[in-house]
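Here the chain labels run A, B and C in written order, and each chain numbers its own residues starting at 1.
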Amino acid sequence: MSGNLLDISGLSVAFRTKRGPLKALRNVSLGVGKGEIVGIIGESGCGKSTLINSIIGLLPANAEKPSGHIRFADEEIVGMPEARLQQLRGERITTIFQDPMTALNPVLSIGTQMTAIQYRRTGSTAEKRRRAIEFLEKVRMPDARSRLDQYPHQFSGGMRQRICIAMALLTEPDLLIADEPTTALDATLEVQVIRLIRELQRDIGCSVLFISHHLGAVAELCERVAIMYAGEVVEHGPVRDIFRDPRHPYTRKLLECDPGRVLEPLARLPTIGGELPDLVRLPQGCIFEGRCPDRFARCRERPPVETVRPGHEAACYKARELVNP
Amino acid sequence: MSDQLFDSDRVSAGARWRDSTFMRIVREPMGALGIFLVALVVLGALFADFTGYSPIKLAMRDRFLDPSLAHLLGTDHLGRDLFTRVLHGARIALGVAFIATGISFIGGLVLGMIAGYGPRWLDSLLLLVLDSLRSFPTVMLALALVTLTGPSLSAVVLVVVIANLPSYARVVRAQTMALKATEFVLSARSLGARSWRILAVHIMPNLVGPLVIIVAMDIPVVITIEAGMSFLGLGVRPPTPSWGSILNDGYAFIRESSWPAIAGGLPIIIATLGFTFLGETLRDHLDPRLRQDG
Amino acid sequence: MLSYALKRTGLAVVITAISLILLISMIQFIPGDPAAVLLGPLASPAMREAFRQQMGLDQPAIVQILRFFGRVLTGDLGTDVLTNRSVLITVVEQLPYTLALIATSIGWSALLGIPLGCFAAVYRGSLADRIVGVLSVSSIALPAFVVAVYSLLLFSVKLGWFPTIGAGDQGAPLDQLHHLVLPSLAVGLGWVGYLARMVRASMLEVLSENHIRMARAFGLTERTITYQYALKIAIIPTVVILGMGVGNMISSAVFAEIVFARPGVGKLIFDSIATRNYPVVMGAVMITTGFYVLSTLIADLIAAGLDPRVRSAL
């Protein structure tokens, strides 16, 4: 898979806990091409945060050294020295976080924060401020020039998220990681943010890794998507294929349970029964086996990754059989 | 089968002892040190009479003796054995600590509950008075008070109470107000329970625990106030040996001999460090929410 | 910000007034003849009568209090029994020495304590952090007067490095500084530990917040994050504490002034008690109390000013 901007292969990350190592990510493989928008769908506990932290090299202190590879451009991120990571973070790989209300430093003006992240570049402060204003205008902030010296609490939540997007893009990164950027926003704002990201991505040409559990947002924005469950990638492929023809039971269940798909009034929203498995004492076979409606005897052994069609893979014995009626 | 039950009971009792609060504190170095130092002070106070010397009888021939086997800390400017005086001083320190702390505890509890539970005007009034009391630097308060009443142990206790009670009352008040709004109090009130009963049965039990910890952690401060006031001559009157007055005598005669000054300061350091270490460790184990250092 | 400042100042004034009332009412609790007790055995009957008149001791309590406030507002805090000068002048003469001591003490304890707290927070859990923790706790526990006497004993009497008494010659700043070293050591030592703890706690809290994570994700150096991003926020509650600390330091300053025979308000009060100079005692206590309330107020306002959220709230 050379030619990809970001190439994650066989990544496994474990955390030291009192009960033993907690295997948060197991053998995760994912690729993001240049200029591509890739989505990751997964619920809480699927390992998204750990994945992001691994890519930007900000794993917490109790994380063991990851095994596997994360290749970004031509460099290996696993084991990269912190000094080099600091060069990449905020310049070539940037991040948008989930909660805009707490993402910005409350005692520094947004101008200060937006120029501070440009510290690696040469240029006067005036130039950096101009760049900040330029991008604030791109995210359609009215009156950007005069608002540059205001403080975060003087902006609404939607505006703050736009500031964060502007910050993430003003260095024209190669890779933008968006960690649930719309989860804390209401539906109207969500639409605006998605459109903004798409527009700016076309403008700058960066790759985007878009993590969310809003299926609709992913469907609208992404070209390819990976489905994560409890630390593994259970299915991945082009967005259209996944949404129309999901082959992993978990993906199918997710789509079924999406409130956006419910066509008739129901007494209860559908859910997936059962609970997440214990990541310290992992089950032997398929990770989804405990909650899978299609399980059978062989599921006690780890399933292989089956290719459904070129570019579309699912980790299930029945991947090739389960076809939507 | 019955043997098995019996054995497992024994095992669990042993485990319980090992995991009990006391043992957990001892396992921490700070906790162990704290217990050790406090034990020294308590034992000193208990066995003060057994040293063979009188703390107040003069012995002018033995002035300013250096420490020796006969006089573990030497003698002071009147020939009295410093070690004996220090041990008697422990009685005063501990006595004031517990009496003053007890009064502040009860007073703070009662006033705090009244402020938190009673009508708003009473709350505002009490707050104003308490905050005004708190705005006196403690030494100023002591100096002003003693000007009017003359030095005495009761003056010391009064100063401690005035210095500490407002903070306790504030904490109790905040907790009371929080509890007042909880479900079980609201339902008790709707059932017609009278205020004092609600306070006694529902609110107070929840206040006592955290307050005990806060108050216990102030014991070093109380010891400091007593020693400080005695140092300035505002507390116990000579010849009664308070650590502060021993230190003061040592200071007055500092060029004659270092030992009286050292003897006066040493027990103060031991007691304040000991109670502080113990208090910190206790608080960490019993109610980590009260930590001040993250 | 303005309305907050006004409200806060108003509250400070009210609290000062009530404190003074409480102080004055203590007179009511003196058994026997207040004039005789307060002026001491040396005062003549004529002086006692004048005192009674002056303080209005024969009037009902309310009148006394009102008259007292009237006099205070015009700057008349009574007359020094010994020297017959205005109490206000007597106290104000001594104030600069005490202020110098407090300022030096806050200065060095902040210069040492704040970085220590920062360091402990950044290297949380390390051996250095735990050592700083124990040292902080110990410094808080040690009483100022014990430190004063011990440092006098060691550094002055035994080693002779520092002078034992006084504030130094007027107009010789180095000499005055020399005289300030030991006293400010005694007064400030407890605060080093206290500040270190507060800053550590504050910093740990701030460092766990989301915007710090975001700053890291943007590759800002740890140095930038610690000082410009985290400390800037953590310092705000510390300023409030320093304001309260000034009042606390007044207590310790009294001890330091007495032990090192330094001129200052503390020594003045102490000597005046010994000479039964009641008006001076009360006047000085009033001024120091007012000073304490003032410093708390100023610290609150500065802290409010540092936080842009409060600043622009109104």
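Note that in this section a residue touches a chain if its C-beta (ideal position, glycine included) is under 8 Å from a C-beta of that chain, and two chains touch if they have at least 3 such contacts.
Because the structure is a prediction, the values reported are computed rather than measured.
With centres computed as the average of Cα coordinates, no chain lies farther from chain C than A.
Annotation: B-C is the more contact-rich of the chain pairs B-C and A-C, by number of C-beta pairs in contact. Taking the mean of the C-alpha atoms as each chain's centre, chain A and chain B sit 55 Å apart. In terms of their C-alpha centroids, the spacing between chain B and chain C amounts to 23 Å.
For the pair chain A and chain C, the distance between mean C-alpha positions equals 54 Å.
For chain A in complex with chain C, the touching residues are 56, 58, 85-91, 94-95, 97, 99, 102-108, 116-117, 119-120, 151, 153-154, 164, 167.
Of all the residues in chain B, the ones that touch chain C in their complex are 30, 128-129, 131-133, 135-140, 143-149, 220, 224, 227-228, 231-232, 244, 247, 250-251, 254-255, 258, 261-262, 264-265, 268-269, 272-273, 275-277, 280, 291-294.
Residues 14-16, 18-19, 22-23, 26-27, 29-30, 37-38, 121, 133-134, 136-138, 140-143, 145-146, 149-150, 152-153, 157-158, 197-198, 200-205, 247-248, 250-252, 254-255, 258-259, 266, 269-270, 273, 278, 281-282, 285, 288-289, 292-293, 296 of chain C are the ones touching chain B in the complex. Every residue of chain C that touches chain A in the complex is listed here, in rising order: 209-221, 224, 228-229, 232-233, 236, 306-309, 312.
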